[in-house]
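Two complexes come next, and they have one chain in common, subunit A, joined by subunit B in the first and subunit C in the second.
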Partner chain A sequence: MKKIRVIVAACVFILLLGLLLSLGQALLVPHDPLANPEAALIGEFVDAFAEEDVIFLGDCEIYESISTVTLWKEYGINAYACGSPQQLLWHSYAMLQHAFAVGQPSVVVLGAYALRYSEPQNEAYNRMALDGLPLSRAKLSAVSASMTQGESLLSYLFPLLRYHDRWDTLTWRDVTLLAEPPMAVSYQGYLMQTGVLPDENGRPDHEGALPLTEPALGERAVDYLEKIALLCRENGAQLILLKAPTDSWAYPWYEEWEAQTEALAARLEIPYYNLLEAFDEIGLDYSADTYDGGMHLNVHGAEKTAHYFGEILQQYGAPDRRDDGRLLDEWKGWTERYEHEKEQVD
Partner chain B sequence: MSMKKNRSIKCMTVVLAVMMGLAAALCACGPSEAPDAPVGERAVLSLPFRGTEIAAGDAVEPLLGALGDDYTMQEAASCAGIGKDYVYTYPSLRLYVFAPEGGEAIVTSVCYTDDGAAIKGVTIGGAADAAVAALGEPDEQTESKLVYRDETSVLTLSLRDGIVTAIVLSEK
Partner chain C sequence: MQLHSMTFLCFFGCLLLLYYTVPRCAQKPLLFVGSIVFYAFSGWRNVLLILSMTVLAYAVAREIDRVAHQKKMSLAAHEEWSEEQRKAFSRRSRAVQRRWMLLGVAILLLGLSFFKFAPAVAKAVGTLPRLSSLIFPMGISFFTFQLITYVVDVYRGKVACERSFYRLCLFSCYFPQLVQGPISRYGELSATLYTPVGFDAGGVSAGLMRVVWGYLKKLVIADTAMIAVGTIMQAPERFSGVGVLLLLVLYTVQIYGDFTGGMDIAIGCSEMLGIRLRENFLHPFASTTVGEYWRRWHITMSTFFTDYVFYPLSLSKTAQWVSARLRHVLGARWATQVTVWLTTLLTWLLTGIWHGAGLNFALWGLLNGVVMILGEQLARVFAPLRKKFPHYYEGELHRLLCCVRTFLIVGLLRTLDVYRDVPLTFSLWGSLFDLRQYGALLDGTVWSSLGLSSGQWWLLAFGVLLMAVVGRLTLEDGEVAQVKWGAAAQTPPRWGGRFRDALGRRPMLYAVLMALMLVVIVIFGRYGYGYDASDFIYNQF
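Moving on to the complex of A and B:
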């Protein structure tokens, strides 16, 4: 009898300890979506993605360049933009594995910009891509490929180990947020930017960018592109490679990368669209369609780009879902919130 | 001491060990170690300009003071607000700078932009052979580049048809 009591006491103690650590982790891991919306994107994706027909994968070129709401309004395309800052191809691969585990997208659009990277660049960006993913073999593999010097696998499994010293910067808002329902920062992954900061040149170019000293695309990125292509084939999905219509000194797209990307896409038989070449056809205007001097598109540019790219998605079989009443209702809610946010600044 | 009491003590010891292990892990791991490793010693490689040696990792404020204010500056916020990128353009040279949120702005790369600046007499437009003679045997040499490395930075001379087309010093 005494033995049972000891076992029960130990179990209760361990349970309480686990509960305490879980609560501590929830509190200490940064979780205010208003403080850093980009950091909330992958968590939102994991919570929301289910039956979308189209999934976009990539970095800011993906989550800021194409309005998912416009794709729905104009084409009835049910799409999700699964983007995170500097999302590398091994991150995208893990996201896609998750997408196929929980849904069945028929078109996968992959941002081409990350092909330049062969090595992980920055822990903060790794965290934004990976902390929101549920524990899985895909996540562990992505973590292993992503860690920069000084990072540990254990800290991705137990983020409390990484963030425990935030305790002295916690605010009351950190506590109250735990009790509030999740706050969406994106519109099916699209992160709206409403400001306007014109580009003096009026057109995308990378004048002033660091001269290109390593013209080869990232070897590891190319490996992961091949893996992504294979995963899409295995799941019967059409993969499309996309370069957003932006080019700047800070995020340059060099001619050497373009040539290699075209060759790579041809070798892997992946359709590739460089929207820089369609800049005029899309109708983009850098005096009005960028919020940061030409580095990224604002909502006006993202709507024009979605209007243009929606037709291409239709060619690859993205269906019009506007006859689905439940989806109509869901998108109605998102569209109203979207228009409201847009109007507030307009 | 009874067997049952021994087991109880062992059980509690295991639980305490787990707690101590967790506490040790919490103390041992943290952001101070993970993302921002201490900056190493000053890089050996540097590019001279206006009598000042510029290395990757240098603080930018003193450099700007030494180089003068005849520059133009562009800035770009890094995605997700982890900091800002800047480029300072002088005649013949550009400084690429990153300022982490709340941290010191440092040079990440520096390059010459024309033949108005030189390292040991080597300029853009010069011959690759002359560059090797002046700078020594590179750590890596291909038809398209000469590469010199130290612990923290890499100096690359891009080549086309045996002519230097770019001179760039960057953080590794």
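Moving on to the complex of A and C:
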């Protein structure tokens, strides 16, 4: 009899602990996409990505520089921008592994800016990149490669261990959001920025940036680029390396990096496009197409870039899907929401 | 390896699993290896240090034992000796034993003093930078004191000399007590340390409950209080008057949660291994006098200083000489009394110096001694009133007021440890009497300036209430057991009393409480990325 009581008590313990911790995790792990839209991007990618033909991978240069809606409207390209702030190449690799596990993209566009990083950089950005990914070997290996000092693998497996101290700042909205359906903040990964803060020079340059102290590209980043190239080959996808048309004192792109990236792309036989060189051809104007003084593009700049890059994607076999009724319906909904948001500001 | 680190949890989990899986004859060797591994996390040099000090204690104790044995053999072999000759021989043997004992204790103390005071001295003098950056070996005070008690107890004939070096090593290196005590006596710990044990679900579950409670006190309550204490410590002048009062309370909460939490983890882990460690706290804030407080707070340190410093000092030839000199001036009664006072003050001075090399610690020790002496004398002064108003003096209100008074006194003295600057501390004590500042308690300005959010203040208040309730629930039987233990060392007290028995009988209650406590720790605990995981305060000793 006592044995049964102990077994029942043990079951109650496990259930109660599991229930309370799950509830705590749901409440305390940040889940308000409006509070920090960039932190919600990878979660959205995991929920939404399925049969897109083109996937973009990278940091803010990717998820803010190319409008996926424009790509659809003008070229019928079904694309997803899987971006997160300061996405490192080992993050991108894990995301690409997930993409190939759930879909079959034929073109992979990888942001080149992350090639500069060889070491883990920032816990907050690691979190934004990795918290949304489902548990997999790819995620674990990305976590191991990303952790900065003081971070623990366990807190990536149980994010409550990282966010537990939010109990003190919880709002009623955190509770009500649990009962609401998930809210999208991006348009197939593209995060719209509608403001305008002109750059005084009108053109991209990195005047005022810190002098380059480490001219070599990140060793680990190069390793991961090779891994990404191999993964793409194994899955029959075309990999393209892309430098967005932005260059600023805060996010400079040095000639040394450019030269090495070109050489690297040539060695790995990956097409490389530096859109800074096509700045005029794209028709960008830094007095109107940037929302933060030239560091990132706003929606106008992103549309122009998408218009330019869509043709390149077509050359690499990105198909026009506008004859697919189901996709047409889905994109119609996103496009309407996109235009509505754009109009509100315009 | 910190007791509240993930590394320790993994280490202890693996050790526990192996401990109850291996054959019983392998349990204690496993425990010894585990203890060495545990200590090696603080540096292999520290392992060499603890083993060297154990070698010393072992050798000295063996020598003391050899002299005793030789004496016994010689006396047996020379039955023709007269009583005078036998006494003289015994005296000579005892003197040799004493010299060995003093040599052992002196070397052990020298080692401790070197690590404790050399860096401070080197820093003050400004030379020998390598010495000033010397890292204090974790728990050196605790194992040094343990080895001293062993050597002295062998000399006093209280315990038999341990012939197995490995067993003595296990006594000095036993890991749960290494970080911050309790300071075990060989006679007590050896009763369960060397006995192989089978898996006892009751003991393991009770130990686990205590460990979890310890983590809750440390990570949730003490470390939350630490935020406010840290804020005050950074700018003490900004928080004069009412800030001193708040510091007094908050630091007491912090150190109580921190120290008793660590002790619960240590004793609970040990109980899970079937080994009983001595209780170190007995609801200290139920004390009505400072003297009683020190019989309930850090009991193993207090009794160490009582048994191995105060009594030997009181009975020393020097004390007798002082007493004899004073007798001419003050008379017999006062001469004895003053000698006891001087010995008390000296003992407390040494207690203070043990806590740290600064003047603040020495003063803290002395003031504790002064307060205790004053308390005893005032009790005599008020004795007639006690007889005149027995209802009041034996009532709960008086008891409560005395508890509050004791709390305030020990808390106030403890601020010397926080400010670490004697003139500043005195000036801040003076500001306590500036009654105008107390309005800040009502208008809320002081509460919001200490770095705690309103949620954290509520958490702290609830935590203090919880500690008081659990303390109360575990008080009665614990006290009784403590008294009994004093009489019979074979029955060490069990924490929890009837509360623990009730939990043992009701597995469902145990399960629910355990789940709730774990959730509280996970959510409200201060750990993980972004936190400078605070060490246990007593690790530094």
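In this section, the second predicted complex is superposed on the first by the 336 of 346 C-alpha atoms of A that agree within 3 Å, B and C clash if a C-alpha of one lies under 4 Å from a C-alpha of the other, contacts with A are read in each partner's own complex, and residues count from 1 in each chain.
In this text, a residue touches a chain if its C-beta (ideal position, glycine included) is under 8 Å from a C-beta of that chain, and two chains touch if they have at least 3 such contacts.
Because the structure is predicted, anything quoted here is derived from the model rather than measured.
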- In the overlay, answer first, second, both or neither for which of subunit B and subunit C A:Gln86 touches. first
- Note on the structure: Per residue count on subunit A, the busier partner among subunit B and subunit C is B
- Message: Is A:Leu28 touching anything from subunit B or subunit C once the two structures are fitted on A? First, second, both or neither.
- Response: second
- Message: Looking at A:Asp292 after the superposition, I want to know if it touches subunit B, subunit C, both of them or none. Which is it: first, second, both, neither?
- Response: first
- Query: Is A:Arg326 touching the first partner subunit B, the second partner subunit C, both, or neither of them?
  - Reply: neither
- Query: Of the partners subunit B and subunit C, which touch A:Val12 in the superposed model: first, second, both, neither?
  - Reply: second
- Quick one: classify A:Ser152 as touching subunit B (first), subunit C (second), both or neither. both
- Message: Going by the contact rule set out at the top, does A:Glu38 touch subunit B (first), subunit C (second), both, or neither?
- Response: first
- Message: Going by the contact rule set out at the top, does A:Glu123 touch subunit B (first), subunit C (second), both, or neither?
- Response: both
- With the two complexes superposed on chain A, say which partner A:Leu161 touches: subunit B (first), subunit C (second), both, or neither. both
- The intersection of the subunit A residues contacting subunit B with those contacting subunit C is 6, 10, 13, 17, 21, 123, 150-152, 154-155, 160-162, 164-165
- Write out the stretch or stretches of subunit A touching subunit B in their complex. 2-3, 6-7, 10, 13-14, 17, 21, 36, 38-39, 59-60, 85-86, 122-125, 128, 148-152, 154-155, 158, 160-165, 208, 210-215, 248-251, 292-293, 295
- Please name which positions on subunit A make contact with subunit C in the complex. 5-6, 8-10, 12-13, 16-17, 20-21, 24, 28, 123, 150-152, 154-155, 160-162, 164-165, 167-168
- Query: What residues of subunit C sit close enough to touch subunit A in their complex?
  - Reply: 6, 201, 453, 455-456, 507-508, 510-512, 514-516, 518-519, 522-530
- Note on the structure: Seen from subunit B, its contact residues with subunit A in the complex are 4, 7-8, 11-12, 15, 18-19, 22, 25-26, 29-35, 37, 74, 76-82, 85, 87, 89, 94, 96, 109, 111, 144-145, 156, 158, 165-166, 168, 170
